[in-house]
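Each chain gets a letter, A, B and C, in the order it is written, and its residues are counted from 1.
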Amino acid sequence: MNSKVCARTRWAALWAGVALVLAGTLVFPLLAAPARVGTPYRIGFIASVTGPGSSLGTPERDVARLVQDRLNREGGIAGPDGVRHEVQILINDDQSRADVAASLARRLIEQDQVHVLVGTTLSGPSLAIVPIATELRTPNISMASARAIIEDPATKRMRTWIFKPVPENLHSAAKQAEYLKAVRIDRVCHLYENTAYGQDTFASAKQEFPKAGIRILYGDSFDRFATEFPQVTRVRASGCQAVVIGSIPPAAAVITVAVAGRVGPRKIVHGHGACSPDLIRTAGQAAEGTVMPCGKILVADQLPANDPVRRVNLELIAEYARVSGGQPISTFAGHAYDALQWALLGLRAVPDGQPLARIRELARDGIERIRNYVGTHGVMNLSPEDHLGFDPKDFVIVTVQGGRFVLLPPDRWK
Amino acid sequence: MTARAWARTWFLAAAAVAGVGVVELAWPGTVARLTRSLVSTDLLIRAGLFTVVLVGLNLLMGYAGQASLGQAAFYGLGAFASAIFTVRAQALGIPASVAGAWWWPWLVMLLAAVAVGAFALAVGWVILRLRGHYLAMATLGLGIIVYIVLRENLGMPHLNLTGGFDGIVGVPRLRVGGAELWPVQVYYFVVWAAALASMALGLNVVHSPAGRALRALHGSELAAESVGVDVGRLKAQIFALSAALASVAGSLYAHFQAAVVPDTFGFVPSLELVVMSAVGGMSSIWGAPLGALAVLLLEQLLRTHVLGLVPAVSGELEPVVFGLMLVVIMMFWPAGLVSSRRVQGAGWASR
Amino acid sequence: MRSVAEPATTELPARTVPGPRGPAARAPAARRLSSRGVLGTASAVLLLVFWALGRRLGYGLSEYLQLLVDGTVTGSVYALVAVGFVVVYRVTGVINFAQGAFVMLGPMLAITFFRTLGGSGGLALAAAAAAAVLATALVATAVHRLTLHPARAASALTRIIITVGVYIALQGLALRVWGPRPYVMPAFSTLHMADRFLEVGGVTLQAQSLWVWGVGLLTVGGLVVFFEHTLVGKAMRACAVNRTAARLMGIQVDRMATLAFALAGVLGAVGGIVLAPSTRPTYDMGLDLGLKGFVAAIAGGLVSLPGAVAGGLVLGVLESLWAGVTVAGFKDLFAFVMLILLLLSRPQGWLEGGHE
């Protein structure tokens, strides 16, 4: 009768509906599917946001945020097989302390299972991370400058798992020597702040200057909190033609003021630690005419148009100003950017579907194979024998003129 | 606590420590998972290292009532001794067969503790005649002097014994026979064995005639002397003991971290030790592990949990919250988390 | 030189505690005897080292004079900080580790206020400085009322740790507000970053040094007047001598304690502000200055104002002299060693706990 026919129809309709839905759920994803999404990558990022290293670590932290924003906008990175991977940067503060850095490194690698570790700001804490990254077989890219971070001082060989894009005081000293020789200065005084950085600038100067025939008539350290400088009287008495200073702001500014004010017309040459807008801001007039070897990022807008580094830096500077609330760029921000880009390049070399340990290995290999990386400080090439990849020719001599950093090409050295 | 009571508590504590260690050994990362990343083996090891130092500090400050604002220096001396005599053994003329032997780092640890203890004894003889704040300042000065000497490469940069500002990297792991006491889940047992041993030592001292003499000393040096306590000698001995304990902890730390940096042993770390001691309760040996754990947990809590809520201001606010928490803790637990009724008015500055 | 054969008992105040007799009594005197010899020899050796190092550098009278003068400048700032420690300690028994934070807040606030007032002109600078001192005093008052006053029954050590917590919090807050960058305060004489240099009898001075001395003298003089000739000041001194008696006389001891903190805030801020043009104030400048002030306060006895001033000046001069002859890293070491020797050579008459 009517109800029996209706019931059967209803059943048929129901089964047809179910079949359609099932078909739809199977077919639709295949039709609308984008590229396959791979395992999300995690980068552990450690910087000294608080503590004595905070003036270096804060810009680095800001750059990490900048890079994370960019990754979010672009949907992560793509591996060699075209699979997209979301990338998360876990930002941490080691408070400028070696213990905290070590604890954070272990935690990030073991518990958060990061694929690459980027950190940290200062040399001491970076050295504390080295044994941990090595033991737990995770690539580590440091933002500190000490040679011992990437090179075992006993065997003089590169540490397998450790990299850094930060040039060393040896490069800086060599550039200073080149400049001094070109302007025909062969007798200098060397004042350095009594910190790891300052002492290393002096050691580097003692190694590099004699090669260019430059004599250090008087070398002495000063306390970075000092307001009076007995060293200045001895500079006066020594008869040197130029004063080389190994210090970072604000100490660099205070001693520059003391030297400029009390020692009379003499060339002042800084190291690359003074390549910071803080120097100009806190030394004022005394900084005018001082020269220093700097990374190209500081004078990006003055680089020749065909320099590939120029474009990278200008983009970074613009974005950085947005993230940091208007702060001018510093070289430390550049180092953080390069370190993170290396991490991403390493991860880009990893095909999808690998276990954690293998991802770390392949990322490490990828980082070691980086060639012609256009970074903030120059074009870098890594290899198993060179985990720094910095070409000393990429340092430029910069001077302070009219309250700005101005590029000084060799034909204008005097 | 009576002797039997503290022994029982100690055994319970040892059982708990061992239990956690076994769980971590079998299933690494369990503790971290259970506590949502708050507690890790790394944190427990660091707490154990500080416990060894704090036992000595509590005996010195809480029981004997002598200030010490330079304790981190002894910690540092032990750490650097272990680092120098293993990593720089060649430069010191120690034959490779000795320096590479498994028992060598242990011997260095022992000798360093003895040497640091002797050094403290000698220095203590002279400075412990100072009272109260003068003693505090003298220990502060001593701590800073040791730190400067370590940081400046002992004044001999060409030898590069202490590595200057950057310190020494590559300190080897401890071994027994051929077996390495590693990874961290294994080293946990080494450190906590030392921590429990030092606690037992401390409890023993406290419940012995020497302990009573110490408390008498704290109450009034004059009165103690008048009942025949050799005040000067006792103070120097406790000072030496606390230094030796700190040295052992330092050595264990060096083999744990594999890198020793002078900045870890300056004035601020010494102050942090005093803070841990006060938070835990300096007039109790049990205050040592509790103070260490409480402060480390607080720091970790701030790092991973609280600040995650407000990412825009993360990082810089950590010290603010930590400072405020410290204030709150001392306001509500003025005698520390474990306050002993036996010793009133904890500390060298009591009024 | 005091007589060597003094037994322990005669140096004690008039209490009728029976002195130790027997071996224990003889041993301390004998140890003091030899330790005095040790101290004397150590001091002599250090002085010899100093002279030898100076000779090697060819130092003459004018160089030593320069170092001395330089030392009194930083020493004056240390003295101001030390006096802040002493004022708080005498009235409350607390060693205020937050003092360094006050030294930092003074210049940082002054620079911020100066900027909002336009950033130029002597009047604006003076107004900004005054406002900063006032603000720091308010912060110090708040610190006392909110944290130390409620905890006033706790042991001194507990209260000291509270001040440590306060320091950490204040420095952290400063980092948040001002960032890690260094700031600039114009020199008072030129109202500009660059200061004037003066040559007086072979010694070179920054003009700011005159300000440091002048402000230091005025401040300490003002304090002396305050403590000697005003009712409030005398009331504070009464609290320092004996709290119970003061309370019985109707003095509100707790208010005096808060006032002591406010005063410490003023002293710290003034010290920081007057030093600021020679350095570049940063959020963490308080740690080093606070520590030096603390050391100076203790070296001067922690209980007397003139002692604190002397302690500050001595520390500053010692630091400067040693900085002149040896490597920068070691100047603190030698300064501390000499300070400890100074401490050890003091008469043994200090009471337990070192307060009155």
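As a working rule, a contact is a pair of C-beta atoms (placed from the backbone, for glycine too) under 8 Å apart; a residue touches a chain by one contact, two chains touch by 3 or more.
Bear in mind the structure is a predicted one, so any value in this text is a computation, not a measurement.
Asks: Counting C-beta pairs in contact, which comes out ahead: B-C or A-B?
Replies: B-C
Asks: Going by C-alpha centres, which chain is most central here?
Replies: B
Asks: What's the chain with its C-alpha centre farthest out from subunit B?
Replies: A
Asks: CA centre of subunit A versus CA centre of subunit C: separation in Å?
Replies: 41
Asks: Between subunit A and subunit B, tell me the centre distance in angstrom, where each centre is the average of that chain's C-alpha atoms.
Replies: 35
Asks: Centre to centre, by mean C-alpha position, how many angstrom separate subunit B and subunit C?
Replies: Inter-chain centre distance comes to 30 Å.
Asks: For subunit B, give me the residues that contact two or more of the other chains.
Replies: In subunit B, 316, 318-319 touch at least two other chains.
Asks: Hunt down the residues of subunit C that sit against at least two other chains at once, touch-wise.
Replies: Residues 172, 175, 327, 329 of subunit C touch two or more partner chains.
Asks: Could you pull out the residues of subunit A that touch at least 2 other chains?
Replies: 50
Asks: So in the complex, the part of subunit A that touches subunit B is made up of which residues?
Replies: Residues of subunit A touching subunit B: 49-50, 61, 91-93, 95, 97-99, 102-103, 106-107, 110-111, 123-125, 127-128, 130-132, 135, 146, 148, 152-154, 195-196, 199.
Asks: For a test of understanding, state which residues of subunit C touch subunit B in their complex under the given definition.
Replies: Residue positions touching the partner: 12, 17-20, 24, 27-28, 31-32, 35, 38, 93, 95, 147, 150-151, 153-162, 164-173, 175-176, 287, 291, 294-295, 298-299, 302, 327, 329-330, 332-333, 336-337, 339-340, 343-344, 346, 348, 350-355.
Asks: What residues on subunit B touch subunit C, complex-wise?
Replies: Residue list for subunit B touching subunit C: 125-127, 129-134, 136-138, 140-142, 144-145, 148-149, 151-152, 155, 220-223, 225-226, 228, 230-232, 267-268, 271, 274-275, 278-279, 282, 313, 316-327, 330-331, 334-335, 345-351.
Asks: Would you pull the subunit A residues touching subunit C in the complex into a rising list?
Replies: 50-52, 54-55, 57-58, 193-194, 220-223, 225-228, 230, 233-234, 249-250, 253-254, 257, 261-262, 278, 281-286
Asks: Taking the touch rule as given, give the residues of subunit B at its contact with subunit A in the complex, in rising order.
Replies: Those residues of subunit B that touch subunit A are 29, 32, 37, 40, 42-43, 46, 164-167, 169-170, 183-184, 257-259, 261, 263-264, 303, 314-316, 318-319.
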